[in-house]
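Chain naming follows the written order as A, B, C, D, E and F, and within any one chain the residues start at number 1.
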Amino acid sequence: MADQDTPRITNGGVVGQVDATKIARYGGVATFALLPRLDEVQTADIAVVGIPFDAGVSYRPGARFGPSHVRESSRLLRPYNPELNISPFASQQVADAGDIATNPFDIEAALESIESSYQKLLQRAKKVIAIGGDHTITLGILRALKAKHGPISVIHFDAHLDTWDSYFGAEFTHGTTFRRASEEGLLDPQGCIHIGIRGPLYAPSNLDDDKALGFQILSAVAIEELGLSAASEQMSKRVGNKPVYLSIDIDVLDPAHAPGTGTPEAGGLTSRELLQLIRVCKNFNVVGGDVVEVAPAYDHAQVTGIAASHCIYEMLSAMAK
Amino acid sequence: MADQDTPRITNGGVVGQVDATKIARYGGVATFALLPRLDEVQTADIAVVGIPFDAGVSYRPGARFGPSHVRESSRLLRPYNPELNISPFASQQVADAGDIATNPFDIEAALESIESSYQKLLQRAKKVIAIGGDHTITLGILRALKAKHGPISVIHFDAHLDTWDSYFGAEFTHGTTFRRASEEGLLDPQGCIHIGIRGPLYAPSNLDDDKALGFQILSAVAIEELGLSAASEQMSKRVGNKPVYLSIDIDVLDPAHAPGTGTPEAGGLTSRELLQLIRVCKNFNVVGGDVVEVAPAYDHAQVTGIAASHCIYEMLSAMAK
Amino acid sequence: MADQDTPRITNGGVVGQVDATKIARYGGVATFALLPRLDEVQTADIAVVGIPFDAGVSYRPGARFGPSHVRESSRLLRPYNPELNISPFASQQVADAGDIATNPFDIEAALESIESSYQKLLQRAKKVIAIGGDHTITLGILRALKAKHGPISVIHFDAHLDTWDSYFGAEFTHGTTFRRASEEGLLDPQGCIHIGIRGPLYAPSNLDDDKALGFQILSAVAIEELGLSAASEQMSKRVGNKPVYLSIDIDVLDPAHAPGTGTPEAGGLTSRELLQLIRVCKNFNVVGGDVVEVAPAYDHAQVTGIAASHCIYEMLSAMAK
Amino acid sequence: MADQDTPRITNGGVVGQVDATKIARYGGVATFALLPRLDEVQTADIAVVGIPFDAGVSYRPGARFGPSHVRESSRLLRPYNPELNISPFASQQVADAGDIATNPFDIEAALESIESSYQKLLQRAKKVIAIGGDHTITLGILRALKAKHGPISVIHFDAHLDTWDSYFGAEFTHGTTFRRASEEGLLDPQGCIHIGIRGPLYAPSNLDDDKALGFQILSAVAIEELGLSAASEQMSKRVGNKPVYLSIDIDVLDPAHAPGTGTPEAGGLTSRELLQLIRVCKNFNVVGGDVVEVAPAYDHAQVTGIAASHCIYEMLSAMAK
Amino acid sequence: MADQDTPRITNGGVVGQVDATKIARYGGVATFALLPRLDEVQTADIAVVGIPFDAGVSYRPGARFGPSHVRESSRLLRPYNPELNISPFASQQVADAGDIATNPFDIEAALESIESSYQKLLQRAKKVIAIGGDHTITLGILRALKAKHGPISVIHFDAHLDTWDSYFGAEFTHGTTFRRASEEGLLDPQGCIHIGIRGPLYAPSNLDDDKALGFQILSAVAIEELGLSAASEQMSKRVGNKPVYLSIDIDVLDPAHAPGTGTPEAGGLTSRELLQLIRVCKNFNVVGGDVVEVAPAYDHAQVTGIAASHCIYEMLSAMAK
Amino acid sequence: MADQDTPRITNGGVVGQVDATKIARYGGVATFALLPRLDEVQTADIAVVGIPFDAGVSYRPGARFGPSHVRESSRLLRPYNPELNISPFASQQVADAGDIATNPFDIEAALESIESSYQKLLQRAKKVIAIGGDHTITLGILRALKAKHGPISVIHFDAHLDTWDSYFGAEFTHGTTFRRASEEGLLDPQGCIHIGIRGPLYAPSNLDDDKALGFQILSAVAIEELGLSAASEQMSKRVGNKPVYLSIDIDVLDPAHAPGTGTPEAGGLTSRELLQLIRVCKNFNVVGGDVVEVAPAYDHAQVTGIAASHCIYEMLSAMAK
């Protein structure tokens, strides 16, 4: 049952954002984009859910505060997306499903509860966009999606490959997500691509391993050289019409555009480039997505949070009918 | 209807905080102290409500973001107050009533909606604690309380008197609240006291005017000289058993303890002193309260937000049965 | 009468900056670019004036501190502009006219005093560049310019259209400036253009309304796609040799380049792009300009203030003979 | 073998700080107080060691960066302590032992390596002062000290009791250290005391449990009421001449004095009070100590780091012959 | 000639602050406390002058930006001081004399220009209060005052003695000011006192040397133990009715109260204590004063700048007739 | 003798970084990239050395803290550079030589000690990369290199020319380095180029002087217009196969990418552009390099420090066999 006091924009049966002409955007509780809570609308086309977990981090922790920070940074989002000529909150029911509770100390237990909570959430929402948390969470999500879609493509925006093997004996960390996912058969080896990769690696073999796991690489340097159009084409060619998951590590952005993250690397994408690449995904069969690794303690003036909230907005637009 | 998924601490029929042993404190939406929303529990003994309004500010604006910042800074508050040996969320139903919407441009219109919304809120909650917003909001609140209690005492923690007359032709600003309140007959002229006053004034007549309006002054310098016990006695003597409203401008704290505010003055109280003075109010007949002038853009590491949330916690404890 | 003690660079009768070889740039009072006060030189070709007003803001306030922040951030500007091969402080008398005082609470009263003070200022300075303050101030300026120039072209650098209709019953806010200006006949409907627009809107009709009010749009995405040369040509074609006003909302820059602003949107221009687009305006008949929406409380290390001060420097250069 | 190039202050065979009259304090690698590395002097009376571990944190993480931050913040410490009339780096060999490596993901494995590394370190240094890291690390240390001293007294400076039982099934976290230590027989139940306790608890039973585990409480409020002298006496009385370990959670300080920490509570001690209470410990038989919970991402201008480094300086002085 | 456009508070022939009821305090150029420039009033009882010099700094530089920061932080100061019942801008003409230009690279040349500019300034102002800059500047000032007053008393508020001998061969630095002053016969050896001293020294001999140079010490620890009244008495007894100079190194405050400084030491004074100690000086024959070592790059929300501006305000009050 | 306890990556006789699979990257002392100290390996192919000197700065000081900040910001660098397919720490011995001590007050004395220390260092390391410190230090370095290589080419990345003549009588400052170097015959007048120049100059003659001193200019605007490929070609053509020194003033980056610097100018390079331009230098005969003007007090979340550390990483890669 919806909170009856809150004036909202509605479109047919779709309940949208708080009506900002009645309640100023800085007022009220910050659900994502001031959308209704899932318990207000019961079911949704797309649920936005937070997964405040960061025990898989190898350097700067703090992404556990990512969901609340991204929500607070999403208050300015308005209903109509002119670039895609879409009203993502009117043509589909989007709702904020709150946060998935996880064990803060035990990574494997956390992954299990992420998987099961995500599956439970899929009973109420056709698709889900997650706000991390660190990149470990994506493994739990991909496990849940496997049950529904089989192996899927992943478009992975990141400075890092995240296909390392283990770290201090831990198999499941924010740096091993896509190796585990590949090993567990969650990925379509013909349809995965990393975008924005840059910075030093451990060894040349990292690249061979990565390729063997089913990934193509479109590096940050390549994007500078190719330009956005050619880069978009390469992405499109890789993904085709396969079911695809969008996973955005906010450190794909240059530290100037995303200081609030845990393992920053110089030489990254601009937010303008990243948003444009997400818009291209409207042509794909997107089955879910996430934005991870926002670490608010290192952010300034919500620069990182705003970039992250815009990424989710473009994902929601790209997924709209 | 309460959100059924959220595990909560309960005590008889009283619904308390999210159970932090099941959902880590950094997770989920930040209601004040992770308490239930008022719409989850229908009625309450005390409602905490935000009033995100700052158009009455004469210097640094930004207190419109105060309510969400104080809520985010209240996640660590736990259920039992050892200093007063009270469990403020178990012995009384406390709930978060969200924010009162106001016109961001028209001060008088805003005061009217604050008054009417507050009165409406009093139908669901016996008492209310407000999070500002700037100090202008207190006038709307005192008007609403007048209808219920007649003229009341005010314990006013602040660096400033807030009994100036007008500013740029505006009668209603954050610096004129208590003059207007006195003129409108909202105050008991035998029971009002300013605590923590310091810093330069406009003229010696400010002090005479203030006295004529019904206020005593217990300055920051006097608190240093007298010590907390004697200061508490003076406060108690002034208030007696009259109905009393607690209005805390966070700039009563020294800028070291509350950098995130709009008109900071050096030489203020420590948070330890302020919290202790609030605890003394458990002996009074407190009918409501507020914490105002938290301007998050100037805060660092939630130092100001945490101090403000502790003030509310101690007020809630002082008001508990 | 000029302050005789201060060593200054002079060129014929033109009084320029403090001589930085005699007084280090971090010393002395920060007039814009360390130029003389208008009262020191009596009249000027161009006056730089602050308008510290932000009551028209709908989200983060604080642009009232913009003028002093931009001045402090302008200390490093030197006399010769190699890109345009111009010495903007030698070929014309530029002076700092201080700030226009406005009512901080009453928007319409403020607009009136901006208009009248600006007109009075035009008696001492041929042209004026204003430092905001929020974008509301531009309406007062355009009213003053109407009297002198009739309807004029506007090149409007901004993330937002600022042609909304009203907000909370307020007709005059930072989001309605150009709709009001159009309705009041202040604009040449064949010569106005928005540059850098991006981010979500309220509805598709916003675009139609905007067009009807006389604006073309050159979006941030279009600039990425077209490149600066083609974008410059489109701007030139729109403006031709009409009298043109340059209005720069600093949020046209990406939040990475301008964190210190009130309604930041990801995906914006770089400072390098913006400065280059301003340089193109040397070919136009520029009759005035402004830089608005610098909110220092959200700035870091003067990044935003420095960008703003460089914008003014390029405007002054573009306006130089 | 010592690095022969570095000019150092020496006293007999004791190798002290880098000679700041030859190398300015901001130069060179930041060992604690610019003291020699342990490998330069082979053995020491006291070793300062970092333990960069924070997987036991329940709220804001980041104390893993504590050791490097405290070292960087210790560059200004000079050789002579006038309050105690002691030269702590001349009368005893103090050296920086670097950091103890731990598993960042597995708390129990980390505790084991802390214990074993600490014991190994005790073969080269008579006593050790540790820089955390979160408060979990103290359990590893107390286990190592048990082998040498049997059950010992602990003077525990903290806002929190840290005697909770478990959290999300984890027995070993920063909130359970002293319960586990008591259960494991590491503590002298007649000689332990918490100093600076404040803020809400989970339940009244927390206090009973704490007492049963062998702790006295000297709260922050009590210190305000008693004054430092009486508080010191209570501390002295509790400890007597037992072997005592000093464990300082930096959140014992008010957030104004220590914003850079993970679970801040308003109403804390000033740094002046804390340093004075540490000085009193010169009368005790101090066998080791730590300063934990410095989370640099939340610090500003090294305020927290400087306070922490001064705490260690006073501990070293109190332990000097 | 005064700027005729600016509305000002006047009292007889005394020209005071900008009238804040006509121009909001955030508007206009920031002279100290929005007082007139000295060139507007020709002569003054007290001139406030900036000396933006920091080449004598041994650790964190940046005090060169102190004068502009303290002025920006002084906008809120109002005309009447209730603690001393004085209107310091009405009973005496106070004016802002701008900044003294110095060589940024050559310390001795800078000292000479400080001395000569200060003497020149004394021809237009009876007394001067300087805003540093680092503590080196005080030597230039004391040399200038020697010519007028002979050897004088100094009340020196500081964490440090500043009576070291030399550093890297430099005789004149911020750490040697009072040794040089004593050697040059600028000080009355019976009337000098350091207040707020704390933190480690180089050697016990520092204390003996300091005493031999004519200083008493009232340490920060002693102030905690004695209380403000007894401390004030000790200060009064030392100074008597000698001509006295007040030199305030802002690091006398605890880093919580003054993070924005170059050599911070934990355990300092609160701003409330410092302001009260300055007020005591109204009983003395104060012939000048300074506030030095404000390094804005390390400040937050003007906390340090506000404390410094209040110190100057209390000095001006203490010096008022 | 190497510290035997630290696990390290080795390759034949080459000692590399701390093994991050055994010690997490946030642990241990921050040498550059966690490489061995020079005293651990005795000799090196390339030494990285800090020169913490900033007395030559004309605006914001603080680069004296640059070396420790860049080292702390270099912890994430990994061993393999995929863009150049090089392992810069395996194919050559790189070591951290600590800091060169300089006089903090006397520029000429500092230059002498930089020159002599650098020459001494060249006896143990074939090549050196320096971390500033301000740009003054490069003169000392170029003097030392003259002895070895004769006049050399310089690729100078900077917003500023640094070929001014003198400032306040000082011949040796951060703005005069390359004029002095040219005058002293240290430069090959056919092989020097400035890259990234932008912002206002003092006079048109600056450009003529600069050309006469032997420099070409590739401005920031030109890089935007030409693109990276053409810009790289111009750079290559200028340098050919001459011995070349790379001098990177971090302010060549836009303030968005490098807020932490002393004389920021809007309109700069992105970190992606800068890193790519450094990579081109693998084709040159690079004989040394530096990264200067990192002023940590103005940095945020190590954005500037990380960019600087990546610049050094690419230089090391470009210099690798």
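Note that in this section a contact is a pair of C-beta atoms (placed from the backbone, for glycine too) under 8 Å apart; a residue touches a chain by one contact, two chains touch by 3 or more.
The structure presented is a predicted model; accordingly, all values stated were derived computationally and were not measured.
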item: Matching chain pair for B-E (criterion: over half of the contact pairs shared, by residue number), options B-C, A-D or B-D; value: B-D
item: Interface with more contacting C-beta pairs, comparing A-C to A-B; value: A-C
item: Farthest chain (mean CA position) relative to chain F; value: B
item: Chain whose average C-alpha position is farthest from chain E's own; value: A
item: Between chain C and chain D, centroid-to-centroid distance (C-alpha), Å; value: 54
item: Inter-chain centre distance, chain A versus chain F - centres from mean C-alpha coordinates, in Å; value: 37
item: Centroid spacing, where centroids are CA-atom means, of chain E and chain F in whole angstrom; value: 40
item: Where chain D touches two or more other chains at once, by residue number; value: 24, 26, 58, 60, 64-65, 104, 167-168, 254, 256-257, 270, 298, 300
item: Every chain pair meeting the contact rule; value: A-B, A-C, A-D, A-F, B-C, B-D, B-E, C-E, C-F, D-E, D-F, E-F
item: Complex contact set, residues of chain A against chain D; value: 54-56, 58, 60-62, 64-65, 103-107, 109, 167-170, 173, 297-298
item: In the complex, chain E residues that touch chain C; value: 1, 3, 5-6, 22-24, 26-31, 37, 39, 50, 52, 64-65, 67-68, 71-72, 98-99, 101-102, 104
item: Residues of chain A touching chain F in the complex; value: 58-60, 167-168, 198-204, 206-207, 219-221, 224-225, 254-257, 259-260, 263-268, 270, 298-300
item: Parts of chain C lying in touch with chain F, wherever the complex brings them together; value: 21, 24-26, 75-83, 85, 87, 228, 254, 256-257, 270-273, 275-276, 300-303, 306-307, 310, 313
